[in-house]
Amino acid sequence: MIDKRVASCAQALEGVFDGATVMIGGFGEAGSPIELIHALIDQGSTDLTVVNNNTGSGEVGLAALIQAGRVAKMICSYPRTTNSTVFPKLYHSGKTKLELVPQGTLAERIRAGGAGIPAFYTPTSVGTPLAEGKEHRTIDGREYVLEYGLRADFALIKGLQADRYGNVIYNKTARNFAPIMAMAGKVTVVQAAQVVDAGEMDPETVVTPGIFVNRVVHVANPAHESELVAKGLSYPPTEPS
Amino acid sequence: MSAEQQNAEPQIGWTREQMAQRVAVDIADGSYVNLGIGIPELIARYVPEGREFIYHTENGLLGMGPSPAEGEGEPELINAGKRRVTALPGASYFHHADSFSMIRGGHLDLCVLGALQVANNGDLANWSTGGPEAIPAVGGAMDLVAGVKAIYVVTQHCTKTGEPKLVEHCTFPLTGLGIVNRIYTDLAVIEVTSEGFQLVELAPGVDFEYVKERTGAPLLSMSESPTNATRA
Amino acid sequence: MIDKRVASCAQALEGVFDGATVMIGGFGEAGSPIELIHALIDQGSTDLTVVNNNTGSGEVGLAALIQAGRVAKMICSYPRTTNSTVFPKLYHSGKTKLELVPQGTLAERIRAGGAGIPAFYTPTSVGTPLAEGKEHRTIDGREYVLEYGLRADFALIKGLQADRYGNVIYNKTARNFAPIMAMAGKVTVVQAAQVVDAGEMDPETVVTPGIFVNRVVHVANPAHESELVAKGLSYPPTEPS
Amino acid sequence: MSAEQQNAEPQIGWTREQMAQRVAVDIADGSYVNLGIGIPELIARYVPEGREFIYHTENGLLGMGPSPAEGEGEPELINAGKRRVTALPGASYFHHADSFSMIRGGHLDLCVLGALQVANNGDLANWSTGGPEAIPAVGGAMDLVAGVKAIYVVTQHCTKTGEPKLVEHCTFPLTGLGIVNRIYTDLAVIEVTSEGFQLVELAPGVDFEYVKERTGAPLLSMSESPTNATRA
């Protein structure tokens, strides 16, 4: 019987290695798989290349992973957000590198990676510093740049509901990068607030078919980043002195 | 114009809210619209009587509604500025590749953005001052200007230190080439034509010479309307 | 108020012109917008380039459009189906040309057209006659061919349910090409068995957001091609003698 | 071998159903599988005890179930062969670009296809005889062989006129280059290795020489297993 459920976030992250490329879903806090990120901090692998639209906020979630010195490189479109104080420090110190990609190009590169498209042309960024050094091509009189598909060793995403086959549906704008990262991850891990029996989801409304998912872990009450930040929390939690 | 002069001047022209309202007047009924962060966000408050606009937010929602009351809303129902919003009847959610297919594929009618600089050939700089200490962050701006059918800019006419933002050549890193159609400032509405900046309308109490002085490139008056007017 | 509903299939096809490129949804009969196709036959435009996975069957729907001599060129992956007798005749007589495209490349070209991607590389067809004359490129040691995005002047598709904004959901495997053709059509026309009030569809389950749709026509009881073919019907109906 | 000889021969080797069943034995538990039209379709009937396979049909369904009873089913729930099927619990529907993203993106474990010819370097010809009167039709075959992790072929060992289908070089137009991993015929199971065709198993009552005679390229016997065995 196919059963992709695993018992814990720790188990869901088995095999993440030093130097791995890890896609992490979410746009800001919406869709951020914060429990998986904290488990990744516990897990210990380092020198990671992380793909996420942003760089986290406060000292929890993605920001905490960066703060822990585990991210060698961020591939993202908008590393400058309210309460994003960790990344600037590591960026300026040269500890964390940045590959800045326009948001739509980032999304399309991830989708291409998952879809077996090695490269594509796009009009986005033509004439700007982000197109410098990239191959250009004129098609039907308009100029485009060549961009390459992106894949990842692991993709960590957050769903609202999942089943043992790995089918996933999402909550509102928390969907954002998750379906395409699920496609692009060699090992895709979903944390879901609800884990339901096979057949409970309407086949018409499944957003991520199970073929794109390798592991499902039940996280019943996922934290919201903004609430943790508002409370001034950090991860790992500071020991009471 | 020095910062001191700017500070000494009385408040004239349109307020931020009035600028937003003025943009809304020019949006056709039934338009699909993406609003940038800042003044553009205010536009959603001013839908003219008898029109319906559909707002797209690139993080994955078509049919975005107004912000909920302070402290209300949901952390997973947000806009591109990461602020809480609502979804109207007829809305839909989708992933980022689909969202940017709407943008890149030319399906949106209008995008209204803020600006650091606009050149009189339609070039836009709005994502980076290029400073060595700045963390570069581009978001969806380059995708929007490359794909949306019309690009309006709404911005203060000058910087806080009184430097013109409407210029002959952008000195900041570009967002896109030749893509701005119209500019709405606190002082005027200006069309970007094949012959450069063309005044369309003055804010109340503002005259042509006043705007011209504060514009870093030639400005055609309303009577100088070129035959080959609108870009794009 | 935005209202994309039109009163009839005839009205839904206003503006289709001689020489237009028309994408028609459907894989075999599943998802074939047969009432719109019949209205297109009535409408009269000719010299069309039609994009569909197949070439229809019997003498109704797409096959009838081809039989009426209105299709100058088919772009499709599988023009040879059971009961597909019309196309072979016109193909052999040279009256209807054929651009044969692998099914996945066809889908990706349509999606690219709708997504503003002018061209992309794909491994499909490398080393086969269908790659001949196409630009090749080696990326990371594997060979790919360059394929171009496809757009259409009109896209005719069939939905299960639509609203006045043009949001659409589909029925089972009738979904097939419809969502991507909706993206690629400059004017996209949907025939829907149910037309519901705005807000009746769950925003999480909308498959085609209304931004991709221009016209919605209510066709309450769409015919099934196989049933028409089994009855030996043709379109336009033969006059009783 | 002439057509007369072929006709004169007694029925030996595996039937179509047995060939399908033999393939099923080699499919790992939990595999995502796409089945071509013809004999491959029969494989779905023979899932070995204790295993679960998930069938993908490229027209937009994952979790395809068995065919409904004759006259049952729905015209809009069909497989790639345009025959009516069912959907199992846990199934999902999706559009064609997503479906072929599964295929091209390497997400399927196995595809089982029919063949006109297979060459001993793994080349496959299965979509066209190249005749001037033939209507060329390719469907999803080229996408499947380019994207799916393993490609099995199931076919009669020889054509109806007794010509070998396992050859040194395909003479029919190719579907893909060097992509076939295994071949299941009425006579044998044959692996395509870096050294060519390698016998894996003989059908009951069939001997090596019998298969070798009917194979259009060198065939390594089971004792000749090369060190560098399996392709891909």
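Here the chain labels run A, B, C and D in written order, and each chain numbers its own residues starting at 1.
One rule holds for everything that comes next: a contact is a pair of C-beta atoms (placed from the backbone, for glycine too) under 8 Å apart; a residue touches a chain by one contact, two chains touch by 3 or more.
Treat the numbers as computed from the prediction; the structure is a model and nothing was measured.
Counting hops only between chains that touch, chain B reaches chain D in a minimum of 2. Interface comparison, C-D versus A-D: the higher count of C-beta contacts falls to C-D. If you average the Cα atoms of chain A and of chain B, the two centres end up 30 Å apart. Annotation: 37 Å between the Cα-based centres of chain B and chain C. For chain B, the set of residues touching two or more other chains reads 61, 87, 93-94, 97, 100, 103-104, 146-147.
Shared contact sites, meaning residues of chain A that touch two or more other chains, fall at 108, 111, 115-117, 122-123, 170, 172, 203-204. Remark: the chains found to touch one another pair up as A-B, A-C, A-D, B-C, C-D.
Against chain A, in their complex, chain C makes its touches with residues 108, 112, 115-123, 137, 139-140, 142, 144, 148, 169-170, 172, 202-205.
Those residues of chain A that touch chain D in the shared complex are 1-2, 111, 113-117, 163-165, 167, 183, 198-199, 201, 203-204, 206, 209-212.
Within the complex formed with chain A, the chain B residues making contact are 57-61, 74-78, 82, 87, 93-97, 99-100, 103-104, 123, 128, 133, 135-143, 146-147, 173-177.
Chain C meets chain D in the complex at residues 27-31, 53, 77-82, 87-88, 91-92, 98, 100-108, 110-111, 122-130, 170-180, 207, 224-227. Within the complex formed with chain A, the chain D residues making contact are 29-30, 32, 52, 54, 56, 61-63, 87-94, 97-98, 100-108, 146-147.
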